[in-house]
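Take a look at the structure set out below.
Here the chain labels run A, B, C and D in written order, and each chain numbers its own residues starting at 1.
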Amino acid sequence: MKKAYDVLIIGGGVNGCSIAYQLAKRGCHTAVVEKSRVGAEASSAAAGMLGAQVEIKENGPFFDFARKSRNMFSELVPELEETSGIPVSYLRNGMLKVAQTDEEASHLLEMLDFQRKEGEQAEWRGPEALSVQEPNIKGEVKGALFIPGDGQVKAKELTQAYARGASLLGADFYEYTPVIGLIQEEGKVKGVSTPAGSFYSSQVVLAGGAWSDLITDHEIQIPPMVPVKGECLAVRPAKPVIKATVHAPDFYLVPKPDGSIIIGATEQKGRMDKQVSAGSVQNLLSKALRLVPGLQSAEWMESWSGVRPQTTDGMPYLGAASLEGLWMATGHYRNGILLSALTGKWIADLIDGTADNQEWIETFSPLRLKEGKGNLVETNH
Amino acid sequence: MKKAYDVLIIGGGVNGCSIAYQLAKRGCHTAVVEKSRVGAEASSAAAGMLGAQVEIKENGPFFDFARKSRNMFSELVPELEETSGIPVSYLRNGMLKVAQTDEEASHLLEMLDFQRKEGEQAEWRGPEALSVQEPNIKGEVKGALFIPGDGQVKAKELTQAYARGASLLGADFYEYTPVIGLIQEEGKVKGVSTPAGSFYSSQVVLAGGAWSDLITDHEIQIPPMVPVKGECLAVRPAKPVIKATVHAPDFYLVPKPDGSIIIGATEQKGRMDKQVSAGSVQNLLSKALRLVPGLQSAEWMESWSGVRPQTTDGMPYLGAASLEGLWMATGHYRNGILLSALTGKWIADLIDGTADNQEWIETFSPLRLKEGKGNLVETNH
Amino acid sequence: MKKAYDVLIIGGGVNGCSIAYQLAKRGCHTAVVEKSRVGAEASSAAAGMLGAQVEIKENGPFFDFARKSRNMFSELVPELEETSGIPVSYLRNGMLKVAQTDEEASHLLEMLDFQRKEGEQAEWRGPEALSVQEPNIKGEVKGALFIPGDGQVKAKELTQAYARGASLLGADFYEYTPVIGLIQEEGKVKGVSTPAGSFYSSQVVLAGGAWSDLITDHEIQIPPMVPVKGECLAVRPAKPVIKATVHAPDFYLVPKPDGSIIIGATEQKGRMDKQVSAGSVQNLLSKALRLVPGLQSAEWMESWSGVRPQTTDGMPYLGAASLEGLWMATGHYRNGILLSALTGKWIADLIDGTADNQEWIETFSPLRLKEGKGNLVETNH
Amino acid sequence: MKKAYDVLIIGGGVNGCSIAYQLAKRGCHTAVVEKSRVGAEASSAAAGMLGAQVEIKENGPFFDFARKSRNMFSELVPELEETSGIPVSYLRNGMLKVAQTDEEASHLLEMLDFQRKEGEQAEWRGPEALSVQEPNIKGEVKGALFIPGDGQVKAKELTQAYARGASLLGADFYEYTPVIGLIQEEGKVKGVSTPAGSFYSSQVVLAGGAWSDLITDHEIQIPPMVPVKGECLAVRPAKPVIKATVHAPDFYLVPKPDGSIIIGATEQKGRMDKQVSAGSVQNLLSKALRLVPGLQSAEWMESWSGVRPQTTDGMPYLGAASLEGLWMATGHYRNGILLSALTGKWIADLIDGTADNQEWIETFSPLRLKEGKGNLVETNH
């Protein structure tokens, strides 16, 4: 039996599943081909912050895309939970970006200004106001930018909800099915080959995260990406110690609805392994305990890591690739969860020809770097 | 520092936590003292069915109590999820009670009659109607009673939501704190002693499930209970195979929102161990695969067990015990999740003196058996 | 820093690690490049039987190779345990091959004859003698072939012992390092490329098990293999129920030193996933409980699966591949543990040019099938 | 069926199982009654050091007992491994006791003197000699006492080997069977009562570790003990960084044969919970990384804890208790693994009346403290 689909998606991470969900909603016969299991990699390792205003610092199409994606969650989550039956624990508990030096404080005040000009909610908290709002933040803090509208989801549950929603709407999921190569004919993609046989489609979306460039047909130029391992911890205090997500310059604390707090994340370029090092645990814990000493007695729960794909200019690759019928949706780096809502819709729009934001098409094109727009980020293989 | 409380609850299972939640809501200074962790035993082993109409077959105060408890969930769940932040996956997917022999069918038809007289929704499905509603039920089935209003929760999450809700409202939880004995003075309870020191209160609720009778002060007569181990499995089909919970005479299939199906449960009297036997796995799987052959290719997930406390007349012990200030809330057997909603409220009412349903007070009194009302259930220690 | 080695081994399974161990012993600067972790796949899923006489039925170089490999364990194990510090639980508890039909019995009697002619120890057990030797075998059995010399190891521990032994002797292990392609120059292999950079060597051994053909350079003809998933269970009786490994025509029971019994294994061609199906659990348990009813009360422990690479003629590929400097050591199918001892030595001999068994060179050559010797096994992708 | 035994042992920890093993060897019909599973508590949480010379600093019967117990392992281990089939990874890799201040160095030099007078092997390593022996110890170290003969086992495997050895020699193990009380008659013990019914014997050994005093019959005076929680971590460097066990004043590093290193242990009096705190992880890791910076890149594996029973004078309770027929074998604190070899033999000697070391009988008598010999250790409940 020949396995033929309208669209094939390579990769069952949060973005592959979001694309499958949006396509399935539109009646498109879709299959996701996944090397191991749905959400096995970075998608279930993420802390689940929806921090559009924290990660991106400058105006332009990327900030625009991120904000639009974040704003989709308030409607998308109830729809997804209804369709899939899986709760994703969407919570708008706000984000505090704290400054531990005067320089950081001044940088945050600039950001405050920018956010307000953009019409986003943002407030300043001096040390005193901060200690009223979050009395357990005890480390030396010069002030904090508070973004009340920022929220979070459970990243693993969001991925599963997209996948189950798509599945119930008719999409097929092939797990443990690594793609070995693309099937091509006259310069057009015709499907993918796997150890479990071939799958056919004239539309293939490559959403393989940091594993996207393991597909190595010589004819396809996959634009450069570098894997960046991030390590996280979770601890659980007996009683809540912080209400908002707390973001310091080089680590963050995300209080989850189940009472645990995720402490993240390191950045290790060129590392694709899943190991968490003793040094990283020590380093993350030390910083967290210095800022919030009340975590000293919190229960140690676990540590884990995920590998995020970083592009050379920091923006994802969303759009048509160098082979006809091949699309890319990868390179989301630390913003995979946040961007997943709009990524799903945008790729579906591109495939069915209704995408009309020309600025996005150009900005996120996987081919943009050939034209000399990107700045190569240094890597340490 | 003397640890003194308005009310002490022994046992952090679903009922102990529900009681703590209701008492904390009323501003009562409450502590839960738990031998290991919250929800460590039967409360997180349950399949989470809210089958008021399936488990209890005859009219009377018990059926009344069970129905009222079930009806509380539609309001309690949103309140709990809001307070605790923990989703409990409440779902009203209905229950199909299937008959595999003519005798069972005739028994179910009587039950149908009874339910309708009681004003409950219940419908009959002949073999054909059944195969339309649930086409994957393939075993020989004589018909089924369908109860559209029956629902389910995730048992572990419900327990944690009660506990976290109570905690956020001010209740204290002492985990890994086994109670060694009651502190008494002049025929009144004054607290409990534990390896971590004494806790004081003039109101103590014994909600220890099958472990309730490990407290062995000679003066307190804990009415007889027998532990009954129940073993369960979970499997996950690639696509949904049943929509409703399916209840056959000696096993059941509960489809959970995450796509898994819980298959349960054995009944092994006098067993307090946590082992699942090879024979039980084989037996439960064989029955399930015969009734729903589509599960053949479902993914095996896991097996587990829980120990439920069975009383001699099958009804829980809810009320004043033989020592002044001591209350019991145990013996819920297979109905712990279902009854937890009202158990919490009822015990809180009893303690603050507002309980006025005299029939319930008498029916569920832990002292009822002395007065010759109970029939001793045979046990196989 | 250029990573250059005398020999590179692709794949950290039991055979890749055994090769690394033998090469490291000879002072060869060796590295193992592994896509995930050492022993992550079939090597730690195996039951660990060293059944040279059970798996191979006919005389010839394959039987010869298997016997020699089995015979190596009695000296190799103490050496490995000394070097690595890791106990591998080598045990010679014998193997009972039981016949459940007269046809099987007559087949086993032929095998008895063959084994004796070959000078191997083998004995016949009629039903009565069998019930004396193994009184818990209760199913209808026509007799059994007993091979007292067959043994077992712990497969995962053996793999780790090879790896740690090699590491302590100087070999490097790169985990989480998938090989994307071979580096070639003028028809010779020069190394491998991975997401973590290139590794250089003029000798590369492909020991990737069922994943060997994911390396898809067009120039290299990897001879055909089919992945065959095998599912296993473990149970633990309170007291030992069998002493020897018991092998029925379509399943086996391996009593391990820790008191558990491994029940295996299904054979599912073309499947590379790791899922264990509900149907397989039911099927394996039913057969095992019928033959040894005493397992009914044994504790259920776990289930798992592994994917074995099957070649078209059933024999492994050991030898020079189609590219100069490239060697293959894969296709061991169900005999990976048993053959690992000699595979390590044989590949090391081939690489350092001391291999002189011309029959083996020809029989196991990965290029043999081109010359029309192999019979294609049918596959069901 | 009445369950009657020659000897009943309460507690399936390392000492309960060692006693069962020694009694079973002598043909005594023995049963172990265990609240959860064999080795569930401190016995499988221990790092497995056999450091007779490190833990005990002064001459006398306790040092004598510890040395004799340690010396038993070289013969006991092969016997146990042969009987049980379970490898316990006995290793004599030596112990380095490092001094980080001059005061500690001078204390260690006294200890060196004492050890030598006692005829034990012990050597001094100045900073330079130390850096030759263990080049990865980089923290400021004033010198180290090296005890070449000290060894280690795998604590969990040792416990299981005792248990399985005993079981194969005829002992019965009842897991998940908490003892509620002792059965007494005319001032003599007659057995124990449990939720699974009564067990009868005129000889009962209480070997319940930190749980021993949960049995609270008023007539039996269990001498005072305080639970002390100890937390541990394990990490795994890619290559070995230390050869010997390294013992600093307030933490230790135990290199295990599988390549992992156990870092332990905190001491938290009055805590019976199993939680590991964030603060403890941070604290242990910081100390370890300061002393051995090469562990920075080691893989984080896991953390765990165990609860050890500490007596008021630091010595175990071994001998007749206040009730005829009741024996105690508990209070081993941090020396449970080390002392288990001789504890098993000593209790068996006491029960069968062949114990003749009168000094030990008096020194370890559970009744010694009544007579005013013990000094109450302060506790922080």
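Definition applied: a contact is a pair of C-beta atoms (placed from the backbone, for glycine too) under 8 Å apart; a residue touches a chain by one contact, two chains touch by 3 or more.
A quick note: this is a predicted structure, and the numbers were derived from the prediction, not measured.
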item: Contacts common to chain A and chain D (chain labels); value: B, C
item: Comparison of A-B and B-D by number of C-beta pairs in contact, larger one; value: B-D
item: Chain located farthest away, centre of chain D as origin (C-alpha); value: A
item: Interchain centroid distance [CA atoms averaged], chain B/chain D, Å; value: 40
item: Where chain C touches two or more other chains, by residue; value: 275
item: In the complex with chain C, residue positions of chain A that touch it; value: 175-178, 180-181, 195-197, 210, 213-214, 216, 227, 270-275, 381
item: Parts of chain D lying in touch with chain C, wherever the complex brings them together; value: 84-87, 89, 91, 160, 164, 167-168, 173, 238-240, 257-259
item: Residue ranges of chain A in contact with chain D within the complex; value: 235, 275-282, 285-286, 288-289, 295-300, 303
